[in-house]
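As written, the chains take the letters A, B, C and D, and residue 1 is the first residue of each chain.
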Amino acid sequence: MKKFNRRSFVKAGLAGSAAVLFGGLTGKKSEAKTLKNPIKIAHQAVLSGNFATYGKFHEMGARLAVEEINANGGILGSKIEYTMKDATLKPAVAVRNARYFVEEWGADMIMGIDSSGQALAVGKIMPQLNKPLIVTHAATSQLNENLVFKEGIKQIFRVSVPTYQDGISAAFVASKLPIKRWATISPSYTFGRVSWKAFKETLKKLRPDVEFVSESWAHFGTVDFSSHISKVMSSNAEGFFTTEWAGELISLINQGQKFGLFKKFKEVLLSLGGAMDVVEALGKNYPEGVWISCRYWYEYPPTNVNGSFVERFYKRWKRYPHYVSETSYSAIYAYKAAVEKAKSVKTEDVIKALEGLTFVTPAGRRWIRKEDHQAVYEVPWGRVAHTDKPPYVTLKNSIMVWPAEVYYPHPPFKENDYPPYYNNK
Amino acid sequence: MIETLIFQGLTGLSQGMFLWLISSGLTLVFGILGVLNFAQGSFYMLGAFVGYSVLKFTGNFWLATLFAPVIVGIFAFFLERFLLKPAYKLDESYQLLLTFGFALVLENLAKLIWGSGYIASPRVPGLNGFVMLFNRPFPTYYIFIIAMGFLTVAVLWYFLKFTWPGRILRAASTNQEMAAALGVNVSMLYSLVFGLGAILSALGGILATPITVTSSGVGDTIIIKAFLVIVIGGLGSLKGAFVASLIVGLIESYGVIFMPFFEMAMIYIIVIFILLFKPSGLFPENV
Amino acid sequence: MNSKEPILKVDKLFKSFGDLKAVNGVNLEIYEGGIVSIIGPNGAGKSTLVNILTGFLFPDSGHIYFYGERIERKSIQYRVRKGLNRSFQINSLFNGMTVKENILLGLLYWELPLGRLLTNRLPKALEEKVLEIIESVNMTDKMNIEVDKLSHGEQRLIEITLSIVKPPKLLFLDEPTSGLSPDERNMIMDKIRSIAETGTTVVLIEHNMDVVFSLAKRIVVLNRGSVIADGEPSSIRGNEEVKKIYLGEDLTVA
Amino acid sequence: MKAVFDPFESFEKFLVIVIILGYFVAGFFAHKFLSFILIKAMVLSIFAMGYSILFARTGYLSFGHAAFFAVSAYSAGLFVLHIKNSMLLALVVALLFTLVVSAIIGFLSLLRSKIYFAMLTLAFGMGIYTIIWEWESLTGGDDGLIGINRSSLFGSISLVPINHYYFFALVLLILTAISIYFIVYSPLGLILNGIKENETRMRYAGFSPKIYSFLAFVISGLFAGVAGYIDVFLENSASPVMAHWSESALPIFAVLLGGIESFSGPMVGALLLTLLITFLQTVSSEWKLWYGLIFIVVILGLRGGIVGFVKSKLKGRGGEQ
């Protein structure tokens, strides 16, 4: 491992200085020569089964980025060649795709991945494949905390937020609300459990007077939540928190409305309620007043970059961008920025360039932490209000944002240390 | 506490009714055709999708509820005619595998036709409210589902017991040769039963749309539970399928309170007990 | 074994399918030696009775004693191992397998030591025995043909042969001549006689009265699930009740 | 079905030897991704050959064998992660666990007739899936087990490079083929065939078919275990979906595609299926649609599978299979 590091360091240094040297001597033309044409980017996400909509949203974001970049001269003159494959939700398929992309198709960068299990399985083989991997959805904090920070697998990056957003930031919102007793219906798997635990522990520190009175755990693939709803509604909770997502969240909301869940609970926090698949499906039926978030919200930040991105995206696909569309879009731009900075597509150079990189994206300024390769950026929470135009849901008048640095755990990661960086000042 | 128990019981009943609609089709088809139909879950899914399209076209949920199962039933009728019939001379395992192939294809066709997104749940006029029980709201739609479950039981029972086609069906389930001897066109009977089974499952699918989300993979999830239901109830037994559906629905619902994480385990334990001590199911009988 | 003791004793056997009482309180005793025939019109319950006696079905109530042992809840293979076997009315062979493989499968349980379950080559004695049996039914030239490609009569011969490769003490033959040509029928009748001569007690379930009256020493008549007559052929022929149920059929032949 | 006296036995043997030689030669030339895919094909071959002992011989259709694959993968993975980093011991442990689990599930499922059996294996397999999913402290839940690395064999032969592991998998494939050969062309194979053709007649021949079906079940379960073991060290990770029933469809399809009635069928089918899926996934995001259509065509039109088709052509009188 040591040997590898030293050699790559030397190589990176040489390549970097060579590029600078040539660039300085002969100008732009020869820069293009040092790069590969085309630069190959391979993308995988779930395109079949119950979550197929995620893969489609991934693809829309990535294709838009590729089309824009290619239309504007590519990356330092090299066009991008893009491919997309169904990763299903099986780790074995994701691993096979990753191997195919790198070993057969000749990808320079691979990206995508929805489930935690897939991200971890692919992450583990990245040293063998040795190309940059930019994760655009899978949220497990193990990826950046264990694989990158502790084990030093430097090829892995993530531009989407980890579970911190789902559990910890929700607790920050909850701490501002005038209620004390909370309940949850959470997904009965790692993601759901980790998020609920983070929510509880963070909120308890921020507001020692809160209580957690009822929890119900729903299996992956739950279709009917009515018995869970009935259970949490029989408690005396005032607030409701969930990290259910995608189709299951839609079912939960639908059934919750029928049971009067949104009337019974004074405040409802849906960590992934802002995902466009949910928003599209519910539209005007989205219960007003509930707090929602996700890993990117189309109205935030209110910058020109974001506004024009949403406009272009809508023009191209006649839909509003999902958070995985934005992260896929930004992953490609992050890679572009890194290659342009390194003036090289060599893995070592790109990794170096990505580490500590700050770049402007539709979701605002992102900064990639050197230690764990996690992109740090702000994501809002807000209360659902309705508009007349698609997607019929707006958060504009109620947006609540904390600087990501405040609620992101920082390296060195200590277990169960919530909230991570926050002192009761 | 008592009101919680009643609430869980009611939600369990409604879950059981969805299971009943799909497992009744499954067990009916098995009872007459001897085919264990893996694609029964796909008919459930198609019921929801077709219902959604009819709803979009007519704007009326009740028309969708009426037409979607019929359309799916007709589709199933032809599916049986053209693709399942050639398999009757094969071993029953092959028939099962063939229907598994149907399920794969139907899931992906649905994705091509209706897209990969989640289909929004319609609001049902008149059934959006709730009634108050013990000062807690219980949705009228769930009461409607429970009533629909019992209604289908009554209709099926009446059909099988008191109508001529029903009697032929029962005769065919015990003795096909006898039915053939009575001059029944067994081939047509099979197609009709397959269609009827699809209608029941599709009805479940469309009735589920107002409370759940529809996507192309939904059939997969539900078919496994339906299998467990008919193992508990006894293959080919409608009575068994009904009782077992309610049992499984109630276990899931009470399990959420009394043994979270293990309610599925509880169902498997029941299955194992049934196998060891009453291997032909609770109601080992035909249709 | 005292010849007065029945080898098979059936005690108040009942079996219904729904409303239909297929076997309705049958009492029956079978003694060692000879050929006994069970006759009766269609739907009399003959097949159900044989199915129950040989373990294919379990009775609703009643007892079956085989050499004094209660066997009504025992499995098929248990009864077979005790020496009670049967043939089927509709040929029930290992279709798709050759004659030789069929006979071999019939013999394997009895003749193959468990330790040789995985050997690639069969024991010589077993191989010889298979050939000998095939020879005895004159099928040496057809032994590598799949049984479902044989003629109906040949299949029936294998059907019966399969049930006696290990000679049972009591053998039920379920309509062994149905659907056969006269020549084939004679061949099967010879076969049945030779089986009885080797000491196997044969219970013949038959429709064809020619066959019954030429083979059986004792006839049991079943109607609507009950025994209505039991005796020597001559007494059966004269029985009024039997005549009534066989209305139109000539019992005087043979 | 000519288990013992198949005149085409030599053709089948020849086919298997050709494929194994093909794997062997490819092992020297295949670059990384191809060797990965070929190992995947070997894994599926072993899985399918074992599965054919149950499905093709006795006619019992199981939808639960993916669970045994997963039990083996997880026990091997947990063993090297937590107890001892020895691949050989891991194999022993994995097979032991697989044996126990497949014996229990096999016993329970075989209490009922063939069609119930299919459902029961499905249900019990999904039970295992649920256990793996829920028992997070042991199995890592939905994240699965990661970092299951290959080590060396007998302390000297390193299996870490993929081309080394390739030949290790090939050795296991050859051992499997030999074992399956001995089972298929033995009196046991004939007995299992007899159960498929006519279970009742087997009883009247004195056999207890359930005992032999049980034996076939456990044997097929064990080979699923061997496959799972190879797979977990290939992937370096194990995940709950390994146990999902849809994974059990793979060996079924491999057996049917290759030819259910033939000895070489599962191996031919597994190789073709692996290449086919890899190809379909590369060219179409609707690959499952094609997969399903091919499945239907094979069942309705090509029941002897590819090997059966070739054999019937060779025989000169088609449609025999």
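By definition in this document, a contact is a pair of C-beta atoms (placed from the backbone, for glycine too) under 8 Å apart; a residue touches a chain by one contact, two chains touch by 3 or more.
Nothing here was measured: the structure is a model prediction, and the numbers come from that model.
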Shared chain contacts [chain A and chain B, defined touch]: D
Chain pair with the greatest number of C-beta contact pairs: A-B
Relative to chain A, chain with the most remote C-alpha centre: C
Between chain C and chain B, distance of the C-alpha-averaged centres to the nearest whole Å: 45
Geometric centre distance via CA averages, chain D-chain B, whole Å: 33
Between chain D and chain C, distance of the C-alpha-averaged centres to the nearest whole Å: 42
Approximate Å spacing (C-alpha centroids) for the pair chain A, chain C: 74
Per-residue multi-chain contacts in chain D, two or more chains: 130, 134, 288
Sequence positions of chain A contacting 2 or more other chains: 47-48, 55, 188, 219
Numbers and ranges of chain C residues touching at least 2 other chains: none
Interchain contacts (touch definition) - all pairs: A-B, A-D, B-D, C-D
Interface residues, chain B side, partner chain D - complex: 30, 36, 83, 86-87, 90-94, 96-98, 100-105, 107-109, 111-112, 220, 224, 227-228, 230-231, 235, 261, 264-265, 268, 271-272, 275-276, 279
Parts of chain D lying in touch with chain B, wherever the complex brings them together: 55, 59-61, 108, 111-112, 114-116, 118-120, 122-124, 126-127, 130-131, 134, 245-246, 249, 252, 256, 286, 288-289, 291-293, 295-296, 299-300, 303
Chain A to chain D touching residues, read off their complex: 47-48, 55, 84-86, 89-93, 95-97, 99-100, 102-104, 115-117, 120-121, 123-125, 140, 142, 188-191, 193, 219-220
Of chain C, residues touching chain D in the complex: 54-56, 75-77, 80-81, 85-86, 92-98, 100-101, 104-106, 108-110, 112, 116-120, 122, 144, 162-163, 166
Chain C contact footprint on chain D (complex, rising order): 1-5, 182-183, 185-188, 190-191, 193-194, 197-198, 200-208
